[in-house]
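Both of the next two complexes hold chain A, though its partner changes from chain B to chain C.
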Partner chain A sequence: MNNIIETVDLTKIYTMGSEKIAAVDHVNLSVHRNEILTIVGPSGCGKSTLLGLIGGLDRPTSGHVVFEGKKLPSSEDKLAIFRRKNIGFVFQFYNLLPALSALDNVKLPLKLLKISDKETNKRSKELLKAVGLQNRFYHKPGELSGGEQQRVALARALITKPGLILADEPTGNLDSKSGHQILELIQQMNKNYSQTFVIATHDLNISKIADRSIHLLDGRIICSD
Partner chain B sequence: MLRLSLNLLLHHKSRMLLTTSGIAVGIIVFLMLSAGTTGTIQRSLNLYRVQSTCDLIVVDKEFTSQQLISVQKIDGIDIAEPAIIEKAAIIDNFYEVIALPRSSALFNIPFPASKVILIPDFLSRGWKVEDNNVIEITYVTPEKRKTVSLPISIFSSENTDIPLKIILDLETGRDLFDIYANTILIRLNPATDINMIEQKIKNFIGSCSFQTYEDAFSTVKEKNQNFLTFKTVITEIAFFIAGIGILNEMLLSTDRQKREIGILKSIGFTSYQIVQVYLAQVIILGILGVIMGITLSLIMIKCVYGTLGYIHASDILVGISLGFFWILLFAFYPLYKAKRSSIVNCLK
Partner chain C sequence: MWIKFAMENLKKNPKRIALTSAGVFIAVVLMTSSYAVIYSIEEQALEPWRDIIGGDAIITGGFSIAETEEGKYEPIYGVEEKFISISNTEDNSKASFDPFLLIPVIFFQEEENQGSITGRPQSSVEHFLTNNLVEGRLPSVTENKELEGVADITSSFVKNHQIKVGDSIKVLIPKVIDGRFSYKKGEIHTIKIVGMISWGGIISSDSIVVPYSHLAEICDLEKDKASYIAIYVKHPEYRNEIIEEVRKNTKYNVLTMDQLFSQMSKDFQELRTFIIKVLISLFLISSLIILNTMLISVDERKREFAILRSIGMQSKDVLEIILTETFLITCIGAVVGVFTSWIFVSEFISGIWPILKTIFFMIIIIVIMALITGLYPAYRAIKIHPMEVLKNE
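For the complex of A and B:
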């Protein structure tokens, strides 16, 4: 099976007062295994909503998502377990727990998989080293720069070795140098760990690292290249 | 999971401080009131306490020594002792006169460490230890003021340094206070007909009222029921006010917590695991609040009442239960709201 993810007539409609807005409108999309796919479009075109639906963070109004040949589960808890095992998220604003150190943030997903402390520690440190944070293990997010925080977030997304990483504007809050470093890391991780990346962005430059891009406007795919 | 809870908790220090303080304040109010009520109950029960078992109490009747001797000679009566029962002796800041069991004694007065005693308003006077050997008693009534110095050797004392009780013999008490005993405490011989005894006593001292010891005891308990109700109401109000503070802070911090919950959910925490994380926080806060509350309460009770004897383990247990009940009620509502929000909303 070459596709890791497929969406079938995926639709998400929000109701605002009496108005209904289709944030994602009958999207049919396939994501190939081990590729880097970018979803490009202007602000408000439905990129983040689509990413949320693919990753099971949000429920579609109609249509469904198929992951490795199986429809996403419908119950909250089964979805949580699905995310834990199969999906890594990277957000624009990092979404790290400010109370925990960089190392503890990265370790957190492994705790849920009941992996031994020794193994958890070893893997987390290795990954933090891989993203260039060997001197920042015990720093809390508030003590790290934006680029460093995003690298911690990337390490956290990768730590469980999920099949799919969903990144929502991963460089949107970073200066160009840090943004460039993050993109290099994504390419490196894609090669080294054979992981699939779906990146939502409004920055056309990011598409340069992608194997494939789709363009979204008003919740619909308008072209693919 | 516990470590994660602790880390998240330590990050929100203001919430931690406010919640534990709220619980502590609630417990302090509850235990202080409990100690106050228990002290009052204990003192009022002392009013009726006798050292030997008492079967029958003749009340509301002043009598002469001759009448008392006649009662003592009635067949079926083992012991008949004079006493004063001051029914209205539950007065704050006053030490009550206690009914005496000993035939030779009239007053049995708890003597405080401060060495100054005020006894009930029907006597209205001050007692003062002048030195180690002499006690000075000032006695004032509407009719006269009298100050008498007596050697301390005439008092019975359980403590050689500071007497805890002063027992005056009947004649000294009568001489000092011009008060006759108004009560006779009676112990009957086994299998004695109580109605027959009552009739015979009436023949000697005229019309009078009778109470069994159990009647007297239940009267005191009944009177103190009002205190218990009062205590419960005040405590609930204290916990409620503390709870409103907790709720307010929790609602303010819900945005932060919503984000935390959103992050945990996106990583793969199930609802059950999220409840575990926050339940552990609530338990930690509850334990801290309870420890703080009980410690401060005990210190304050010792300072205010001079003894920890008025506080019972059951009161402490009730205080702990109330503390946890309120913290669960007020801490979980915002979390419940946050938990129900979608992950996307939590992360916005």
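For the complex of A and C:
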């Protein structure tokens, strides 16, 4: 099976007062294994919603998502288990837990998988080293720069070796240098660990690192290249 | 797993946690102390009766208490007789009525060098007095109205103050108001110790026995009328028949010791109910304090829970975090509260086991409180929709 994920007529409609807005409108999308796919489009076009639906963070109004040949479960807790095992999220605003150190933030997903402390520690430190944060293990997010925080977030997303990484504007809050470093890391991880990346962005430059891009407008795919 | 995480979260807002803990602390101290007070009052009131019931040969021999109806003092046969007896008509077995109907128990106050006095019914006092007199003579009503009594040679107050036959001691003797002893209206009287006895553990050794008729006069008991009459049944197998006999021939209610004990326990029901209401109110107040703190905490940490849910945290993990935090907040105030209240509790309760029992009881309440109050905030945290929260960032 070459596709890691497929969406079938995926639709998400939000009701605002009496008005219904289709954030994602009958999207049929296939993501190939080990590719970097960018979803490009202006703000409000439904990129984040689509990522949320693919990652099981949100439920579609209609249609469904198929991950490795199986439809996503419907119950919240089963979706949580699905995310824990198969998905890594990277957000624009990093979304690290401020009370925990960089190392503890990276450890979290492994703790949820009940991996032993020794193994958790070892893997987390290795990954933080791999993203260049060997001197920042015990720093809390507030003590790290934006680029460093995003690298911690990337390490957290990769720590369980998920099949699919969903990144929502991963460079959107970074300066160009840090953004460039993050993109390099993504390319490196994709190459070294054979992980699939779906990146939502409005920055066309990011598409340069992608194997494939789709363009989204008003919740619909308008073109693919 | 989540204790470290919960601890880190608690550190975020120390002022709020300190105030919540202070609230829990105050509630726990009040709860423990209230519980200790009721426990102590009940124990102290019932303890003399337990003495009589527990391990007392008289009870197994068939011991009953005759009590007046509605607290009125009604004459029965004539208590001034030296020895009163009733007979079972069928087998001629006899029950004896004692002229020493009230045994005043001296609660000797070391500092003030005087004691207070209370009445307690006891059967066959004369029998014991006669058999256990080790020195001097039995008390009698003297012409000059001097109050005479016998004391237990082994009692602590006799030993501590080296009281001997011929000494006089000061005792606060209560008045009987509406059938109850009132120490407030009581007066200090002098009792001359005319004899020494050894109770041999039958009743509290800190007792002084004085003649009933004389005491009745001092206490304003109507002369020749008894409030309580204790009956020593010589043939226990006829106990029930004798009770029937007393009932038939007098206006007295007859209570066995067990019945009397349970009646006394009922008297505490009202006080117990009040204390339970106080405990429930304090429980609710402290629960609301914790609930409020936890709800604010969950509300402030929506994003945090959304992140945790996004990386795959299940509902049970969220529940575990919230309950751990609630438990920690509760414990901080509660543990300090329980140990602080030990100081108060030890004033009311003597003995390590009753104190431990009180503390164990409080710990159970605290655990229940933490669990119950943590459930709703946990439910709110579980219901956080990660996508909505993270999208609105």
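Here, the second predicted complex is superposed on the first by the 225 of 225 C-alpha atoms of A that agree within 3 Å, B and C clash if a C-alpha of one lies under 4 Å from a C-alpha of the other, contacts with A are read in each partner's own complex, and residues count from 1 in each chain.
Assume contacts are C-beta pairs under 8 Å (C-beta built on N, C-alpha and C of every residue); 3 or more make two chains touch, one makes a residue touch a chain.
These numbers come from a predicted model, not from an experiment.
Visitor: With everything superposed onto chain A, say whether chain B and chain C fit together or clash.
Guide: Overlaying the two structures gives a clash between chain B and chain C.
Visitor: Just checking: does A:109 make contact with chain B only, chain C only, both, or neither of them? Give me first, second, both or neither.
Guide: Both partners, chain B and chain C.
Visitor: On the A-aligned overlay, A:95 touches which partner chain: chain B = first, chain C = second, or both, or neither?
Guide: both
Visitor: Scan A:22 for contacts with chain B and chain C and give back first, second, both or neither.
Guide: Neither: A:22 stays clear of chain B and chain C.
Visitor: Could you say whether A:13 touches chain B, chain C, both of them, or neither, answering first, second, both or neither?
Guide: A:13: touches no partner chain.
Visitor: Choose the clashing stretch of chain C with respect to chain B from the list 167-175, 239-247 or 257-265.
Guide: 167-175
Visitor: So chain A touches chain B in one structure and chain C in the other; where do those two contact lists coincide?
Guide: 49, 52, 55, 57-58, 76-77, 80-81, 83-85, 89, 91, 95-97, 99-100, 108-109, 111-112, 156
Visitor: Given the complex with chain A, which residues does chain B contribute to the contact?
Guide: Per the stated touch rule, the residues are 1, 4, 7-8, 10-11, 259-260, 262-263, 265-273, 342-344, 347.
Visitor: Given the complex with chain A, which residues does chain C contribute to the contact?
Guide: 1, 5, 8-9, 11-12, 303-304, 306-317, 385-387, 390-391, 393
Visitor: For the complex, give me every residue of chain A touching chain C.
Guide: Going by the criterion above, the answer is residues 48-49, 52, 55, 57-58, 76-77, 80-85, 87, 89, 91-93, 95-97, 99-100, 108-109, 111-112, 156.
Visitor: What residues of chain A sit close enough to touch chain B in their complex?
Guide: Chain A residues touching chain B: 49, 52, 55, 57-58, 76-77, 80-81, 83-85, 89, 91, 95-100, 104, 108-109, 111-112, 156.
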